[in-house]
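Chain naming follows the written order as A, B, C and D, and within any one chain the residues start at number 1.
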Amino acid sequence: MQKGVMRPGHVQIRVMDLNEALEHYCNVVGLIETDRDAEGRVYLKAWTEVDRYSVVLREADSPGMDFMGFKVLNNEVLDTLREDLTAYGCEIEDIAAGELNNCGRRVRFKAPTGHFFELYAEKERTGKWGVTNVNPEAWPRDLKGMKAERFDHCLLYGTDVPATVKLFEDVLGFSLAEQVVDPDGKRIAGFITTGMKAHDVAFIECPEPNKFHHASFCLDTWDSVLRAADLLTMTDTPKDIGPTRHGLTHGQTIYFFDPSGNRNEVFCGGDYHYPDHEPVTWKAEDLGKAIFYHDRALNERFLEVLT
Amino acid sequence: MQKGVMRPGHVQIRVMDLNEALEHYCNVVGLIETDRDAEGRVYLKAWTEVDRYSVVLREADSPGMDFMGFKVLNNEVLDTLREDLTAYGCEIEDIAAGELNNCGRRVRFKAPTGHFFELYAEKERTGKWGVTNVNPEAWPRDLKGMKAERFDHCLLYGTDVPATVKLFEDVLGFSLAEQVVDPDGKRIAGFITTGMKAHDVAFIECPEPNKFHHASFCLDTWDSVLRAADLLTMTDTPKDIGPTRHGLTHGQTIYFFDPSGNRNEVFCGGDYHYPDHEPVTWKAEDLGKAIFYHDRALNERFLEVLT
Amino acid sequence: MQKGVMRPGHVQIRVMDLNEALEHYCNVVGLIETDRDAEGRVYLKAWTEVDRYSVVLREADSPGMDFMGFKVLNNEVLDTLREDLTAYGCEIEDIAAGELNNCGRRVRFKAPTGHFFELYAEKERTGKWGVTNVNPEAWPRDLKGMKAERFDHCLLYGTDVPATVKLFEDVLGFSLAEQVVDPDGKRIAGFITTGMKAHDVAFIECPEPNKFHHASFCLDTWDSVLRAADLLTMTDTPKDIGPTRHGLTHGQTIYFFDPSGNRNEVFCGGDYHYPDHEPVTWKAEDLGKAIFYHDRALNERFLEVLT
Amino acid sequence: MQKGVMRPGHVQIRVMDLNEALEHYCNVVGLIETDRDAEGRVYLKAWTEVDRYSVVLREADSPGMDFMGFKVLNNEVLDTLREDLTAYGCEIEDIAAGELNNCGRRVRFKAPTGHFFELYAEKERTGKWGVTNVNPEAWPRDLKGMKAERFDHCLLYGTDVPATVKLFEDVLGFSLAEQVVDPDGKRIAGFITTGMKAHDVAFIECPEPNKFHHASFCLDTWDSVLRAADLLTMTDTPKDIGPTRHGLTHGQTIYFFDPSGNRNEVFCGGDYHYPDHEPVTWKAEDLGKAIFYHDRALNERFLEVLT
């Protein structure tokens, strides 16, 4: 958090049928609906998050990610980063407070990969769901499905990953935790973080800009990853891969798809990172092992199924 | 244990290079070498087993299983079962005590699936490995690799599974825990047990007799299954599938191959069975889900790679 | 199962307030109510059990265990064991079919420890709760509380444990899995089993006959033991000890109390046993470690709080 | 990390017999010896740490903690924080580079609780132990004992916790994650962090200054916590309490003692914290539950056994 960016705060995902999506995100993934707006968007959160929501579902004709937002420490930081982004050459869009329910003003910019990101300092803080802030119990008894604990990160595919990583490092204070480098020394993937997590957002190089690989939610244990996989089968939810471990970050994971074809991940574990850590490097020629540590080979969907 | 057959007691596996096989079974799977014989065979055990060995490796030109042995309560039971097998029409081969080191006389028969099984009542009892029998500690500190706890069962492919299951039920007192039935009502797989485990041996119908699908070793937890999968990657051991859950028995599993191409399984969990339980039935048209509960599809190797 | 006794089939527990007891056994332990009878008794089961019930709660003025029942293979076995018990000198009480709902005739006898046991061959088989018997899913989604999987065993205190163990061994075909022996060689505790479990019933010597230490329910994993302990705190349920591991059987456990003061256990893991295994012996002078492997000391309640 | 303090970097612990201490910290806890110095101090690290050491053992006549050090981003941050500490009224001791092997200059100050802390920007970076930084495997195969992953935090007892927390917040940019407040509103415990962990250091009010409650090391899973408890028994290491869960932070834990009587903790899990999170508050009258969530009562050692 070297420049005051705290964490991934929200992601707006396009879904093609809102009711099916809610069935998926609430009853399978275990998010909790906390709000709706006049536009018809539905707001969800995972139970350990203190802010009112982290996932916004918007009904649309095609799936994908509209934008991902990061919460910053305060409005002074927001102003400074707005200036720094502008100075760095980013085109900024200012979005007024309230455009997303109960969220302060947002500073939006487009990364070289083609994705839209935004920064904001304020969102209604409703506290963790189902537990109090005084003498809190260990967990709420009424969680559903996979009991996702937190919206954790997104993996995004797009153009010019090196420039995007540089922007996040230089302007926003992110740190490169892991990377994939091809034999020519070109960085084809960057996993970056603004805290101790192995990644708050990750990028993989791709000829097409602004593609969405997955939104990821963390679970508490490898036992929960097993039960999550069981639930996918019980609910006939299309699975992509897993349970398995990633090489990159060493997290334990399952990939699956929401009813609109957006990929989700639930995972647990994974390495931690501090800014003085040298980035972990994976060789592009070992990408299979880097992504799917046990299979040591990619499935074809990993590089091709994007929204 | 309705007829006095206690448990799977040993399996003799053909390997093409003994040293490579020992590296695999001892340092990866975590079995312990306990003996060798004049023929060059090597005897291994898993640490919780009280008898001297459960796996016998024999160097040969081709991989596969020579035979699987079951330990019975005592010599009276052995005599009775020998008579019963003969009366049932099985051809018996009597093998003298000592043919396998420290093992009493064995009664060998061939099942309709083409596999050789044997019964025996005596084998040197050396106690669990690494713990005493008075005030025993929870586990030994010096285990290696996957720390396999027990040789658990074999899955065998062959001809006429229904007749083989009937033989084990009627003569040896096994109970059918799970089965796969095709749309014509034909049983194409039978998982049978003589104790509370979901299977002590399992059969899948196949045009060729006497084929070996895998020998299975049990681990303590799903965390151990993860670490086992990690070890496969670290040691460049060919993995077949997993970590995942089976539909049949609901055990949590990985399949992989020894250096000769014999498939191994390590697993944890799984349902229990009593003789009054109705067998669990899986439909052949859902065989994918029955075998690989999460993927809901077979990989091609499952039906084709046999030794 | 050397004499045809399959497993612990039920336990009838006295509770002082039926509604409080149901809140405890259903919403905390996670058993499922399946029946009530004209006497006001309530019948419960754990989800993996195939019979209609395993726990019967009877409202009474004092807590404790009325009796524990074992299911045998069939009525022929029941007749034989009835004769054998009589020949051994046990006084038999024949209880008519239907005295417990949907249960066949029961043969009741009193053990030297003062406890009442019964054998029966028939009980309505309703199948596992919440899953079908064809293509069964891994687990039902609607379980409550600790999601207990099975009524597993009882630990009972009483007089003359050696004679009771001998009766179960000689007449009922049980096997001694573990024992505690004092410096004079006297067996002061016996853990006995009729299957592969470390114990189906256990006895500890005590000057007073017919005392109830606990009824035990098994869980799937050590993670579930943690969540069970969490639930005890969340529901203000009195805990005795744990999470911890036993020395005896090496199971991982929590002890707690129902609202009437009956002790319950939930546990996972534990060693397996076959009839040819030498019994594991714990020295009475190390009883602390034998019972509570991590604390290596008894709490005073272990020997004194009985119902 | 609002002021550039990254993480707990080292703790120097006094032990009364160095060889016994090494046996404990290396073979039981699983740290790795990486260096010794002319003074006879021994330097240890946990395997996931990238710096050369995190624990320094010094042989002395009495146990306890000499000092705890935090690594900061760089020398500019170190200079700024040195000035800020001075301006805040702290007396500073400058310690030359090399006083601890391979460590840069350190800025030492005394907190109102009586403990010595220090900041430093440089320490030899040797990388994670046993894995490479290119295509790293998931974990090294040669770890010992509990396989501790990281020196995580210390819990310290001393005078004037509120002033110490304020110093860490105002000058060093820490955030208060959790606190215990007495009925008069006085903060008697503060758990503070400079990253996402629930605490990097914690304080409990006590009439005597500069007391050491424990140094804590993190493990990967609750299964590892169980095995750690097993190891304590196997090695006759005095255990304090656990396995259990804390209320504060909800981590899953065991407390035990090194041969000199210094308390250690190994734990897994625990809540995360961001600077905008309201601190979690525990009521002093519920301190038992706050500390030992399952027992809901303190053991007498918790408040009294300090070094």
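Here, a residue touches a chain if its C-beta (ideal position, glycine included) is under 8 Å from a C-beta of that chain, and two chains touch if they have at least 3 such contacts.
Just so it is clear, the model here is predicted, and its values are computed rather than measured.
J.: Determine, using the mean of C-alpha atoms as each chain's centre, which chain is farthest from subunit D.
T.: Chain B.
J.: Weigh B-D against A-D on C-beta contact pairs and write down the one with more.
T.: Ranking B-D and A-D by C-beta contacts puts A-D first.
J.: Averaged over CA atoms, how far is the centre of subunit B from the centre of subunit D? Could you give it in whole Å?
T.: Whole-Å distance between the two chain centres: 48.
J.: Express in whole angstrom the distance between the two chain centres, defined as the mean CA positions of subunit C and subunit D.
T.: Each chain's C-alpha centroid was found; their separation is 44 Å.
J.: Distance between subunit A and subunit D based on Cα centroids, please, to the nearest Å.
T.: 31
J.: What residues in subunit B touch two or more of the other chains?
T.: Where subunit B meets two or more other chains at a single residue, that happens at 138, 221-223, 230, 233, 245, 289, 293.
J.: Give the list of subunit A residues in touch with subunit B in this complex.
T.: Listed in rising order, the residues of subunit A that touch subunit B are 222-223, 226, 229-230, 232-233, 239, 242-245, 252, 289, 293-296.
J.: Given the complex with subunit A, which residues does subunit C contribute to the contact?
T.: 137-139, 141, 221, 223, 230-231, 233-234
J.: For a test of understanding, state which residues of subunit C touch subunit B in their complex under the given definition.
T.: Those in contact with subunit B are residues 1-2, 4, 6-7, 48, 50, 71, 73, 125, 127, 133-136, 138, 150, 195-197, 220-222, 245, 247, 250, 269, 271-272, 274-278, 280-283, 286, 289-290, 293.
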